[in-house]
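Both of the next two complexes hold subunit A, though its partner changes from subunit B to subunit C.
Then we have the complex of A and B:
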């Protein structure tokens, strides 16, 4: 029983990482209608900033998260304003190709700057955790979950309690109508993408503390984010949170089920995904069809 | 060109002189360039290992061309290696090898990185009748298909971790239980299977065994399950990224074993820089270490090889075994071409099949399947941030530190 509880906790902790990764992806997809294939690469940029600050200046990985967010906000704003905005009204396939290209460029730049060497951030407290009987909750992973929930809260506040958020939602609902009532479209697009990138950066910072990072290690996270958004649904912050936690739980419980190797974890997770698509195409909590 | 009766004698003399490291041979003529083709990953998931492979090839390339090339019948043939980037994609690797053979006119093929790519490249080598010597594909599956043109200089996968068990059996108190984690690719599964088959013969048993998908996003669930089995030895058969993640998760979840042994990863400098002090006590089976004591019959000694590597790549770290085994593949080709005294693909293939030389990398000799079962694996351990070769005792420069202390008391 305690083993089951332990697995559930690990599932939620992993789910927290998926939430952090998927929040920005979901925002960009929902508002801008862009499936951002460079999202995983942006995550890795965040990982490398955290790693660099940790190795060079010995800055705690959690303290460097605001730096990740700020730098990726700037990169994200520039990318959208300078590059992606030009294709924003083009069919989905074009933005698909464009973000695929951006992904390649970012990965190559990371390879040039940081080389292909495998890195990881290992702070001194990485082994300590909360002990509840035989159950262990590593602090560093708990920190990741807390940050992910805080990100979700921040995004919800931005979208529902600020004028900027109202503008973003308005653009998502109807860009022409939004422009008619005075929303600066290009700025709002860029701002949305910048927030998405900033969240990706924070997710990257968290990932660097428990995973090994390489310039190409971000690609699976694009896929995971995609799956989380399908599972949870588009258009609501709570949908991404539910999707992320559910996906983490399914993966972990799938691989710890008796008689099943971890090799089945992905298979189980994606079978669930297909079932959700068939039974409830808008996702668990999605608003848009 | 002199082609008299003295030819073979002079060729033998030249080879002998070259082997003695003499820079002034009797051969002066320059022959046609020998082209080697290699599809090595410089992008993608295996770009790091691909880079190491290329470094190994290039180290030999510099050395042989400084000597004017490979000597065949008194004629020095300069060497060129043409590279293609297989983007860590095994299927693309095969396409590129075909391109290297048809478009780039490669005489011979040097292997790619990894068992998957080697397996697909072997088919192309066989189809074209072009010999391939590979250094980075240890899965025996490659060699059980009856190919005649593929040779591997490295010890096969089934020996990767069994040496660690041999070493563990000498320790006191003797560890008896093993948790075996394995990535679900051919090579890793083969390493894990060999451990499971071998363990009972040294009085140990497997108490937990599970494969995971390669590049798994999170291994904590796996580690938490392994912890329930309370193993003396935690073994991982996978790759560098997973070895780092597993070591981290073991610490985070308090999995305390007496031995942590990982097939691939700990031998690279990255492993230590990513984990810091947590890398200590970790053990791995290695194809080669910079400390081994072999007496080569040609090319560089182990110490000179390490020196040449540090100089060429401006590195403070010694080369890891990926580099050394890749150089060894070139040495096998060099000797085989010299022995065949020809660039004919079939003759060189036959010379490879009967090759038996001692190099800085160890003995190179192929069994009937084409894999080097004659070279032993060595065991190394990270102690205070430095690699020590700890087994077998006759090539070791340190003794194993055992047991690894609990994470909380480090």
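Then we have the complex of A and C:
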């Protein structure tokens, strides 16, 4: 029984990471109607910044998260304003191809700068955890979950309590109407993508604390973020949180099933994806399209 | 009037036929001399083994881009999972030849069958999805099938499968050429049948197509299966040609993106567009990779190329080579204005 409880807790902790990864992805998809295939690469940029600060300046990985967010915000703004805005009204196949190209470039640049060597961030507390009876809760995983929930809260506040957020939601609802009432479309697009990228960067910082990182380690996260958004539903922060936690649970419990192992993470994500798309296309909490 | 809503103009078609005829003549004459004889006679290209490799790779992408064109270009369903069919074809041939000691010819016959059956199974649920959902779900197919193959021990797991080496550049060149001709002919025939009209109708407006009596599910799944069979055939040939297959070389998502880009650059929905796209893009990629630089730079080059192509020539090069628009700065400015914020 405690074995099962342990699995459930690990699943929820992993789910926190998926929430962090999927928040930005979901925002960009919901508002800009872009499925950002470069999302995983942006996550890895965040991981490498955290790793770099940790190895060179011995900065605690959790303290470097604001740096990740700031740098990725700038990168994201520049990418959208300079490149993706040029294609925002094109058919979706083209934005798909474009973001795949951006992914390729970012991963290759990471390879050039940091080489393909496996890197890891190991703060002094990385091996220890909270003991509750026979159940262990690793501190870094717990920290990740807390950060993910904080991110969800911040996104909700930005979207629902600020003028910028109102502009973003207005653009998502109706571009032309938003422009008519004076929203600067180009700036708002870029801002939306920048927030998405900043969140990806923070997620990358969290990921670097429990997983070894390579330039291509971010690729699976794109597919998983997609599965999370499908599972939870598009268009709400709470839906992404529910989707992420549920997806973490499914993955951990699925991998502990007999005959499966950690090698099947993507296959599990895919099966979840197809089942949800066919059975309940609007996800757990999604609005009707 | 044929079903091809985006037919090439006559002048381009004539020159294309001339080029194809010349290439065919060259290829048919080649074995008469054999590589050694060609070397002695100093014939261009044939003296170079590298050229055969590149030519075979180009033909392989002609098959894959044409296959993608049938589901993505004609039917309008942008599949990012076609590489799964390539991998399944490769593994079908690989397992039959290396584990069960079947002759390669039999393995090669089964490769497209297995790919098509798989397309039938996943196509029925997936082709109900549209847009982003279809694209990412098929992307998931490619990743997931590769992952499963990578974990199953009889399939070589992560070490991959080795096939007995067959030392003949010519055989594989001709096999790929045959597959490429088959792919192009298939597209050509489809565009002249009721089936082809049905696919184009689905691309333009699926509800309307259903209203006028097109059995959309059957048509879509059939198109998916044909695309899968062609791609699987190329995979089967690749397995024996390369004599080593693993997850990385037959389930690469970047290959899938390449075939899409080739079809799109050349002109999706046309018969010869994917051929032109495959030849030109593959030569560019080979140049990037072979220019003494590492593969990292070729990846960056491909990424930048991808961005430039979709931003500036979203309708494919056929748009101005086909004489519909003039290649000029104004053309770029106009396409930019149409799509940008």
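The criterion applied here is as follows: the second predicted complex is superposed on the first by the 273 of 289 C-alpha atoms of A that agree within 3 Å, B and C clash if a C-alpha of one lies under 4 Å from a C-alpha of the other, contacts with A are read in each partner's own complex, and residues count from 1 in each chain.
We take it that a residue touches a chain if its C-beta (ideal position, glycine included) is under 8 Å from a C-beta of that chain, and two chains touch if they have at least 3 such contacts.
No experiment lies behind these values; they were computed from the predicted model shown.
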Simultaneous placement of subunit C and subunit B on subunit A, clash or fit: clash
First (subunit B), second (subunit C), both or neither touched by A:266: both
First, second, both or neither for A:96, with subunit B first and subunit C second: second
Which superposed partner A:127 touches (first subunit B, second subunit C, both, neither): first
Subunit B versus subunit C as contact partner of A:8, first or second or both or neither: neither
Contacts of A:111 with subunit B and subunit C, given as first, second, both or neither: both
Contacts of A:35 with subunit B and subunit C, given as first, second, both or neither: second
Partner chain in contact with A:256 - subunit B first, subunit C second, else both or neither: first
Which superposed partner A:149 touches (first subunit B, second subunit C, both, neither): neither
Among 23-31, 221-229 or 239-247 on subunit C, the segment whose C-alpha atoms clash with subunit B after superposition: 239-247
Shared subunit A contacts, counted only where both subunit B and subunit C touch the same residue: 108, 111, 220, 261, 263, 265-266
Complex contacts: residues of subunit A adjacent to subunit C: 29, 35, 83, 85-94, 96-98, 100-105, 107-109, 111-112, 185-186, 189, 220, 223, 226-227, 230, 261, 263-267, 269-271, 273-274, 277-278, 281
Residues of subunit A that touch subunit B when the two form their complex: 3, 6-7, 10-11, 13-14, 17, 108, 111, 115-120, 122, 126-127, 129, 136, 138, 140-141, 210-212, 214, 216-217, 220-221, 224, 251-252, 255-256, 261-263, 265-266
Touching residues on subunit C, where the partner in the complex is subunit A: 72, 78, 80, 125-126, 128-129, 131-133, 135-137, 139-141, 143-144, 147-148, 150-151, 254, 257, 260-261, 264, 296-297, 299-300, 302-307, 310-311, 314, 336, 338-341
In the complex, subunit B residues that touch subunit A: 43-45, 47-48, 51, 184, 210-213, 215-218, 220-222, 224-225, 228, 240-241, 244-245, 248-249, 251-254, 268, 270-271, 273-276, 278, 407-408
